[in-house]
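Down below are the structures I want you to see.
Both of the next two complexes hold chain A, though its partner changes from chain B to chain C.
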Partner chain A sequence: MPLEIQTIDGCQTVCLTGALTVWEAADTWCALLPLLNSAGPLTVDLGAVEQCDGAGLQIVCQLLKAADAPERSIALSAPSDPLRAILERAGITASFTEKV
Partner chain B sequence: MDHQQAAYKVEAYELLSELETSLLELEQTPDNKDLVDRVFRAMHTIKGSGAMFGFDEIAAFTHDVETVFDRVRDGHIPVTTHLVNLALSARDQIKAMLDGTADADRGTGIIEGFRALPAPAADTAPAAAAPATADPEDRAAAAGDEQIFRICFAPHADLFASGTNPLALLDELAELGSCRVVAHTDRLPEPAAFDPEQCYLRWDVLLSTDQGLDAVKDVFIFAEDGCDLSIDLLAQGPAADDALPRLGEILVARGDVTPAMVEKVVQEQKRLGQLLVDAQAVRPEQVCAALAEQQFLEQTRRKCDPPAAAASVRVAAEKLDALVNLVGELVTVQARLSQKAVTDRDPELLAITEVVERLTAELRDHVLSVRMLPIETAFTKLRRLVRDLSGELGKSIELHTEGGETELDKTVIEQLNDPLVHILRNSIDHGIETPEQRRAAGKPPQGTIRIQAEHSGANVLIRIADDGAGIDPERIRAKAVAKGLLASDAEKSDKELLQMVFLPGFSTAGTVTSVSGRGVGMDVVKRSLEALRGGIEINSEKDRGTTITLKLPLTLAIIDGLLVQIGAEKFVLPLASVEACVELTRQDVADAHGRNILNIRDRLVPYIPLRERFAVAGAPPAIEQVVINQVDDHQVGIVVDRVIGEHQIVIKTMNTLYKDVQEISGATILGDGTVALILDVQQLIHGLDQAA
Partner chain C sequence: MGLIAPLSIRQWLQPPTAIGRGLDAIRRWSRRRSSAAAPTDPPSEPAAPAPLPEPPIDAKAAPAPAPLLDNAALSATLQGCGNELTGLCARTEGDFLDLGGRLQTIQAEAQQLTGTITAVLSEEQEPSIQGALRDIEQHAAGAIEEIQARRRRLADDLEGLAAIQADLGALEQQNQQFKQVAKNLKMVGLTISIESARSQAASAAFQALAEEITQLARTVHTAVGAIGTDTQAARHALDAVHADIGARMTQLEELMDDARTAVQTALAQVARFMELSMAALDRIGDQSRQIDRQVGQLVVAVQIHDNISQRAAHIQEALDEALEIIATAAQVPLPHSAQQAILGRVYGINRLQMAQLQTITEDLNGVRRQSADALERLQSAVASVTRAEALDTLVIDGACPAAGTRGHHPVTVLTRQLERLIALFDEGRDHLRRLAAAREQTGRTMARMNEHIDQVRDINFEIRLKALNAVIRSSRLGDAGRAIAAIVNEMKDLAEQSNTTIGAVSGIMERIARCAGGMDEKQDDQGAQESAGSRLHQGIAAFSTACTLFKEHSGRSLETGLLLETRIQESRERLGFFDALCGGCRDQMAVLEAVKAQLQPFADAAPDDWQAEEQRIMARYTMDRERQAHLGAAAPPAAAQNSAPTEAMAETAADDFDDNVELF
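Moving on to the complex of A and B:
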């Protein structure tokens, strides 16, 4: 899964696109981890995720945990419809910022 | 094809073999619910794994068959011969799909056959049609009532590696009824330690369904080894309210509170028993008795839980073969070591050598036992053959098998299949008569074929006996003369004439059918068995039937042997047929007046002087040794100069130059690097018979 990273006014936005499955999970996480560890504000855009399995879901869960951590400023923008349906079926309740 | 697809194929072939056995058994016992379940589960696994590994066509085809068997399981469709026929055809079609030789039209025809089966009338489905079951789980499943299950599904960390997507399982559960899914993320590690290819999530699912426990279990049928799973029936039917879980249980199950916390709070209030005792409603001993009863029930329930699946590992046959070869080399080296210890007369080395010898023998036995399979695996295929061929030829034939538990080396069983099929085809086609012919001959209309397997020394004997028309020696003679295989005035006994069926190109069948009678069968059978160091015998009685006996070695790799010496030559006799060793003096020879007969415990035992037989130069010692062998219910002695002792023998095949030397079945390399020939005692005796 290619990550698109934009930095505007010191705020990084990373966009996950396409499939987020066990085949892409390791590479995606490798790319995401440094961003999660960086100090600045970060927005993860989940609006273009088309496919997600159990492994991908765990990455979303890690992102949700990171977003909940008070010491970091991480926001998750609204997930795509397929991802939202998967989260619901998998029993993951989460709140997302609406995409602007 | 990646290794997962290859693994699927291996598993699917095994499941198909199991499926065939179950279907044939089901035809005999149509009320056997376990067999219906087994068929359903096999289909379900073939379908589910097929879809997972990209065999979509197999998954789609199997889906329809599985659906029908689900209805059979519910008691909506009865088990009939027609259903079994369809299911066997479906099994063959799946096999053809795996082989890549499937005919799509045939598949469509089979599916249409399944769809034409009577559909259950939803409103009139007779409850009585469902088999009566006493088991509470079955009762719950068959009732069709709404049930609430709590499913705790905690995948193992390596679940993804098996290709299982837990979300697909949750979706399958959702298809069964209304679901409440709660995900637990407590096992997720810190980001730095997170490996996205390991599974950390776990789920609790509350499922309300009328599909029964079996349907819920089936969802996890090929994931159950990769997860911790518990499925509990929380409530059932109209009385569901009574069985609602307690608040504490729900909170614990959802992970909101720990059991310890609930326990602590509960401890602070008085227990029910104590409250009742305080209220003088019951006596303390009555509470104790009730608690004991509760404990007993709990223990009993635990005992009744099915045991964990037998731990087993799938190993490629090539790896086993490589292991056997290595053990073979080890045995040879061990023999050298033993020899060195004896030569050096070093007591310490001798003690070590004895231990090495014992361990090597144990290792050899264990490795060989891993390759041993019950011969039943070969018999199973024959049941289908008899069923199908007898139907095709309008004959009624019953197949009895005995000794299916007899074990044989994997390689032997694999190579035994074709000879057995040839022999059975001949029995069905030419041996057993039609019901009309049998009635006319005063026989029961149903023919019988018996296959018996039993151990006989280092061999396994397999007898295939039919009660058919038998073989007419005069027809064999006529046929042999017509084919130019026998002179018209040649004198041959009935036994000799029977042996002619093993000649290449010989066939006594009046007409060549698609089943047999091409005149290649028995010739091929004989050669196949000889290639296995085995043999074949035929006995037949006109109008009474034919018995064919196959003799096969237990293993093709390593045997225990008795090392003997004649002059400077060393030979090995298979130890399994050796009964005793006795001395033979010049006086004994003189007493027998030139006949090669020895009196052992008042029994006359013939013997073969091997030095003479193999024309070994030199004079025999004054006292020779006779090794007494038990062969086919007879005792026969083999005279040698010296008996050296027992040895583990790694059998090496001989060069093709020696293929015509009947008395030698192979060779082995001894500890000192010299070669010893392995004697085929039976052939030695046979050769003597012919010479006489």
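Moving on to the complex of A and C:
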């Protein structure tokens, strides 16, 4: 999955596009992890995710977990429809909505 | 071979001379007349004309009595008759020679024809049609058996193929398991990566492992993808082969049954046809031998010319003797009764020559009839040889049977059916080759899949090692390492699961290899079985060669026969001279008949004289036929006089010719 990173006024925005499945999850996670550990504000755009499975969901959960951390300013954008369907099936739509 | 006896007509006229004999006759007549007054004379004697008054013995004293007949005219008639008869014979000599020459040519060509026919009939020529046909029959039976064997093997192979297909299906299922293992492995890598991100220590200990696991999962996934692709490709290939051959199998089975029945029927028809043809050829052989006999008889028959020429010469000489008697009588003045006696002797000679001429005419007619019949039979025999269906209809080029009506010829039908059989044979071979190709492709696929499976097996081993190390490392992390330890356990389970799948896949692949190996062994027998097809091909080629050979021989027979027929027809047309000859003989017969009528009263008046004259002539015959004619004239059996000579008679006559004349 390609990751597009934009920095505007010191605020980083990461856009996940394409599939977020077990086959891309590891690489995606490896790319996201340094950004999640960085200090500045971060926005993760999930509007272009076309496909997601359990592994992708695990990454989304990690994003939610990171967003929950008080010392970090991480925001998640509105999920795409395929991602929303997965979140609903997993029962975590509410948690996600709170972070958006 | 007989030559005319040296004691021939010429001896007739030697001692006593004609004049001397004439005087002897007169003296005998005188003695009879003087004793006629005695009472012992038979009462039947008065049937003769009333005796004239006894003339004085001294002729000089009395004037010569007027002749009873116009002797000059009589002499001229008899002389003309003799000359005409010998002339007729001389004039037809050329015709006889021409006919003889033609018959010699016919005989030579007939021998050539019979020689060719014998060659056609011979089974010794290589290849003979009968021999080639027997070979074909044998090879066709072998080919049918082989086709059936191939059909069975094809069916077995198709079953094997179906088993392989099923195994490939199972392999695809198992491959899904592999895919799942790869996926789970990836998940494990991800999870380790996530979990190890919780602390610096965990990250240092497990981030590399996570990446390795991810990489291994990727490798497994690639191998599994390759296995899937190969399996699918093999399945598609086998599906195509199976669908094609399987669909054709039912049809092929029907076609084989049809072909077997058709070939057997065609073979039976050809065998029947050959039987008929051989019987016809045997008849042709008989006819050709008959040709020889007919020609032989003809050659003997035309020898009659020499025979009748000699007999005509004898007639002429006898008539010359009669002329001499008449001339002698004219030189000496004789009493009326003596003149009657002389004319009676002339009557006797004339009567005998009529009998001789009659036999000549009959013989000529007989030979004419015999020759015409023999030539007709000969022509018919030659026609039956050259136009025989057996010669014509066997002229089939086995390799390229002609279209049209020949398309129904048993040999053509057989050839067609054999070609059909060979086509089925070839089709069966093609199917087996396709199966072999599919089997080889499957074998190659299995080899590639084995490589992939080995790769997965190695990965499993590596995962287990890594899992072992990871468990040790996770135990060092304390509580933080427990989650990772659980994931690592999952790794081990995945490796076990993968190993189980590998076992299942290996089992399937072994089955496939066994099945393909079984097909391989059957393919090894192919070489031996191919020979049946090649033998059938060779048999058809030999049959074709035999047909061509037969065509050449029968073509030559046809040409010779047609030429011979033309010659025979020409010879038949040339037999007309026999009619002219017989006509001439009949004319002269009429002349002699008239002479006989003129002389009849004098013969009746002196029967002893002419009868004694006939007996005297009888003693001088050198030919049996002349002797028989004489005896016939003396006591003519009614049936023998008019009946045509039979063939047996002709044959004896042929033998008689040998006894009397120089052979033609």
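Simple rule for what comes next: the second predicted complex is superposed on the first by the 92 of 100 C-alpha atoms of A that agree within 3 Å, B and C clash if a C-alpha of one lies under 4 Å from a C-alpha of the other, contacts with A are read in each partner's own complex, and residues count from 1 in each chain.
FYI, a contact is a pair of C-beta atoms (placed from the backbone, for glycine too) under 8 Å apart; a residue touches a chain by one contact, two chains touch by 3 or more.
These numbers come from a predicted model, not from an experiment.
Legend: residue contacts after superposition of the two complexes on their common chain; A:62 is shown touching both chain B and chain C.
In the superposition on chain A, A:29 contacts both chain B and chain C.
Touch criterion met: A:54 reaches chain B and chain C at once. In the superposition on chain A, A:92 makes contact with chain B only, not with chain C. Chain A has more of its residues touched by B than by the other of chain B and chain C. Shared contact residues of chain A with chain B and chain C: 22, 25-26, 29, 33, 54-55, 58-59, 62. Within the complex, the chain B residues that touch chain A are 155, 159-160, 165-168, 170-171, 174, 180-183, 185, 188, 191-192, 194-197, 199-201, 203, 205.
Contacts from chain C toward chain A in the complex involve residues 183, 186-187, 189-191, 193-194, 197, 210-211, 214, 221.
Partner chain B is touched in their complex by these residues of chain A: 22, 25-26, 28-29, 33, 36-37, 52-55, 57-59, 61-62, 65-66, 86, 89-92. Within the complex formed with chain C, the residues of chain A that make contact are 22-23, 25-27, 29-30, 33, 54-55, 58-59, 62.
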